[in-house]
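Scrolling down, you'll hit the structures one after another.
Next come two complexes built around chain A: one with chain B, the other with chain C.
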Partner chain A sequence: MIKHLFKLIWNKKKQNFLLLSEIFISFMVIFGVFSFGVYAYKNYMAPMNIKYENVWVINYSNTLKTENADSLEMFYSSLKQNIQALPGVIEASYTSANFPYSTSMMNNGITYKGKQYFGVNNYRVDDDYLKTLGGNLIEGRWYRKADGAGKERVIVINKKLKDDVFGSGSAIGKYIDGNNSKDGRRVIGVVDDMKNFGDYQPAKYGMFERIDTSYRKWVGNMLVKVKPGADAAFEGKLYKTMANALKNSNIEIEHLDDKLSSTNKFTLVPLIILSIIAAFLIINVALGLFGVLWYNINKRRGEIGLRRAIGASGNSVSGQLVAESLILATLSLLIGSFFAAQFPLLNVFDLPAMVYVIALLMAVVFIYLLVFVCALYPGRQAANIYPAVALHEE
Partner chain B sequence: MISLQNIEKVYRTDTIQTLALNNISLDVAKGEFLSIMGPSGCGKSTLLNIMGLLDVPSKGNISISNQQTHNMNDKQLAGFRNKKLGFIFQSYHLINDLQVIDNVELPLLYRDTTAKQRRELAAEALEKVGLSNRMKHFPTQLSGGQRQRVAIARAIVGRPEIILADEPTGNLDSVMGNEIMDILTGLNQNDGTTIVMVTHDENMARKTHRLVRLFDGSQVQ
Partner chain C sequence: MLKNYFKIAIAVLKRRKFFTFVSLFGISFTITILMVATAFIDKVVNDTYPDKKRDRSLYVTKLELRGKDAMNGGGLSYYFIKHFIGSIKTPVKLAISSNWQGTNTYINDKKIAINYKYTNADYWDILEFDFIEGKPFTKQQIDNAERVTIITEDIKKQYFGNDDAPVVGKYIEADNVKYRISGVIKAVPITSYNFYSDIYLPYTVSNANFNDTGYMGIYTAILLAPTVNDVAKMQREFNQMAKKIPIPDIKQWDHLNVFADPYIDSYVRSGNENKSGMVYALTALTCFALLVTLLPTLNLVNINITRIMERSSEIGVRKAFGASSRTLVYQFIVENIILTFIGGTIGIVLSFISIQLINNAQLIANLNLTINFTVLGFALLICLFFGFLSGVYPAWRMSRLNVVTALKS
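What follows is the complex of A and B.
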């Protein structure tokens, strides 16, 4: 019977072309939506490795007149100590503007054994950054005060960068951007990947550089971990402390959990818009499929009557029409899968291959279900066609 | 072979009730070639549909090959039609998207047969109606007479005991009509197939063993 149905569909290929195209386009759109959906879900499921609750960000502008780096260093160290000494503060750390969930980015490239790695996020941080954000050190150590005095340039990297650069072996003690202590930077620690760009974005390559005296004047952000229950009054106190120290500075306090929400929205909104468009398209396709199948059945009443007369039961007629629709879907899906397979092969959008594979399987199942549901009712109607009436109409 | 007892068929709408068949009792013997005649709308096709289990009577009993049919469900009726009955229609009812050989194979698709068996039986049936050289053609490439011969091949491919023909020569000129009639007569005489034929043509009816006339749903001869 399947061979017979294939033959029937093949001989009606011109009539079926529109339906095949419709299913193909729907599949590609669904595949696209599912790819982004699976990607977002996979990222969401990965651990954040940042304890962002009760972490505030103080954004300030450096209004000190002095150009002396040591004076600046002393001033900001003293300011940080004052902040840490406030009763509601647990920890504080200076950071560059690309702190978690901010919109700023600082990218560098690194080289290791002649191979270049691009798109490495460069975070300028101080000795208390990891504690303030609750990050996990998985190898080596984090920065300490003595690192500022040492002649050797040291660096802490994240796990993603370590895995790609150094593989499964240890990174500690190895040099990047050079082969020795003279021109390279020695890796002293590896931290767990932090999802700095929100719940739905993956952790990217990251390296953490200690803020030194020469960089101090460019720093304009401080992360402050406050005690649970810290309120607006405490926020006001924090503001005053900063304002008193930095006259005429533009000071703004934000909460990291609010920034996470807005970052998440920024990622999700395009996906939601795409999903809404896809949903409308699916409704259109479903109605189209339903209409075409309905039309086909009405056009084929004579054939259905004949099949009933020569031995087909109502159920087998219904089954045949559903099977025909599923075969048509299969043909479209074969073409669609060929195009979809190019995405991981050509590394389009730089998503992991597994995301595409899962999305492809989900899209195939979805299209089969859609076609099955759309064919079911017209199929049942066909089964109810009275053969004597259908044959008489012809 | 076919026994109809007190068959009555009433079509009902909200406002009108139409008596299409009124108390028809008819026996068709094994190997008989019976024709049914009557003016348009007298119930000939309705009677043939009831004999072919394509329609159900409002009253009365049908027995085919000594089997009562009123208790059969849809699946049983479909199987019964497939094995015992062959149908020929005035407008052929061929599937234009399938080749001649595939059209002829159709009834065998609903039986437990292999593709090879189907092909052999269909080729044999086409041989019988003289269309072996048209197997790969599509129905639209054939003349009316040839199409009806394909329909006959499809009706006989499953080797049914009974053929029900609803005006098989109605769309054909006299030459082609006679050709079709010769094939049907041959099937009846050589293979012993029981044939019931609805016709408007007295000349065709005269070639059959017995003539039944209907008028306003009642048997008048």
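What follows is the complex of A and C.
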């Protein structure tokens, strides 16, 4: 039966060519939008691991004239203590400019057993960073004050980096960038992946380095966890405290939840615009498909009448027409899937293969549904053809 | 003749209402998307508020240092602009302004986020902002490092409330410093990122150390040539000067790239000279336009073929009476272009509506899209192209129709 239908389509390949290419391109568009959507959804479902509510970030510029590392250190640790002592502040931590939802990035590479791992986000943080952001420690420990005094260089990494570098075993006590305590850095803790780039972007490789005295003068951001209900009046007070301590500095206070929603917009707005355009394109295609199928079926009144006359039921006639359309769609989908499969195979855009596979399956189902719906009505019309009338026309 | 074609086209359109609807839907929706996109690009690229002297200006926005395995790109330092760019002779004026930076101000226990930008005096001569009240600060005031500022209308509303009372001479507090307002201007949308800010300050009040001789910084420059004809000369002089700039830290860097570009080139310059911003922008735009037009075109071709096949008896009769294939092709393309223009007109109406919606939603503050003659011209061009593209193949198929088979059906 299918073989027979296939032959029918093949005989009219020239007429069907345009229809085939139209379905093919629709499939590619849908596949693209679905890949984007599935990827965003997958990222959205992963836990955030950052308790960003009531966390503010103070951006300042280091205007102290002194180059002396120790006096800088003294000044900033007492400034932090003053901030922490304010009623309404729960926790505070210095951070480099790449704090969550900022647009800033600092990337490094690390080596382990001769293998290099690139694109590791390097976060410069202090002892209270994890507490301020409410992150989870999976194994080992976070930094403490003694780490500043010790000679050994230690490092905290995130789970994603740990899984790729050390596999399923424990990473604690192992060395990266070297084999021993002399030139390597000992891993002391692993934290759960934080989605630093917003709800819809995945967590990337990350390592956390403790801010040391030599780095202090480059630091220009402080995260502050405040008590719920802190208002603009309190924010003004915080601002004044900073401004009084750091004369001539440019100071700005931002809220992490605001930053999160604007970061999310960067993924969502293009997705929404794309979806709207794709929806219109698909409506367009659906109407066109409907019209063309309808016309084609009308042209075959004679053939259909003959089939009815020799005993085919209405259902089998409409079934044949719908099946023909679906086979047409299958042909397009085969070509489309071939092209779509190149995306995970060639690793275009660096998305996980799973995303492409799910998007591919969804797009296939979607196109089948679309074609089915478009062919249904013309098929039913054909089933209502009276053999006598149709044959009389001939 | 054309009148006849027009009549036939309308008659055909009326005959199969469903097909007509599908065609018009596809055309008008495609035109709408392309027009909104064109309006947006036109706004970003061609809007000459506030730089009305754009054809006489060159823009320096990025500086790039490149070494074997390192690259550092970003804005320029004040020293670099003054010392190197300031040394060339052709420009009559040299505007210097910083990137915008954010700060907060608190008034009546309300927080207002303010972006500020440092400028020199030439900035206000080259750029013609619309002053709603007051005037720009003078060179004298800048040299004295007076704490004066020019604010936008939006900030005036936010800070001083909605009443229209003049605010020149009043004080606004930003970054813990009180500035006296010297003027209020019409705001610029953030898409013109070279000019956007909420308040503008004299560069002398910034805390930066102007004795620092580093090259990288937060400033950009605009060079104004005496006449339009001198721009090319100014660019040549700039490039010669750029070649002679000593490269800092020879160990790390071996190339220094800095360019003075016309506005559009500077707008898309990515800060990485290995990748041309222009190529990126054009590729992205072409891909978008292709994606949006390809499907509706295919759809239209499909529908047109169906339509023609329906009219095969008419075509057979005309052919039998001696009409040449060329006449038929010509007739069909004209018919199709008429159809696209009807769709295009609906599309223009739809774009007016959607642009109104976009403007009212204030997706980007102060960005008011408009449909001007450039955009309309583009729309007409798109219509023509579209009609032609979707008409040629069906017309060709039609012209090859065999008279006998056509008449038989």
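One rule holds in what follows: the second predicted complex is superposed on the first by the 394 of 394 C-alpha atoms of A that agree within 3 Å, B and C clash if a C-alpha of one lies under 4 Å from a C-alpha of the other, contacts with A are read in each partner's own complex, and residues count from 1 in each chain.
To be clear about the criterion, contacts are C-beta pairs under 8 Å (C-beta built on N, C-alpha and C of every residue); 3 or more make two chains touch, one makes a residue touch a chain.
Quantities reported herein were computed from a predicted structural model and do not represent experimental measurements.
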One more residue to check, A:285. First (chain B), second (chain C), both or neither?
second
Answer with first, second, both or neither: which of chain B and chain C does A:21 touch in the superposed model?
second
Partner with the higher number of touched chain A residues, chain C or chain B
C
I'd like to know which partner A:248 touches here: chain B for first, chain C for second, both or neither.
second
For A:295, is the partner it touches chain B (first), chain C (second), both, or none of the two (neither)?
second
In the superposed arrangement, which partner chain does A:186 touch: chain B (first), chain C (second), both, or neither?
neither
Chain B versus chain C as contact partner of A:306, first or second or both or neither
first
State whether A:314 touches chain B only (first), chain C only (second), both chains, or neither.
first
Check: chain A residues flagged as touching chain B and also chain C none
Within their complex, chain B touches chain A through residues 45-46, 49, 52, 54-55, 74-75, 77-79, 81-83, 87, 89, 91, 93, 95, 97-98, 102, 105-107, 109-111, 115, 154, 158
Partner chain C, residues of chain A touching it in the complex:
18-19, 21-22, 25-26, 29, 59, 61, 63, 231-233, 235-236, 239-240, 243, 248-254, 277, 280-281, 283-285, 287-288, 290-292, 295-296, 299
Residue ranges of chain A touching chain B (in the complex, touch as defined):
1, 3-4, 7-8, 11-12, 302-303, 305-316, 386-388, 391-392, 394
Residues of chain C defined as touching chain A within the complex
18-19, 21-22, 25-26, 29, 33, 101-104, 106, 109-111, 113, 175-176, 207, 291-292, 294-296, 298-303, 305-306, 309-310
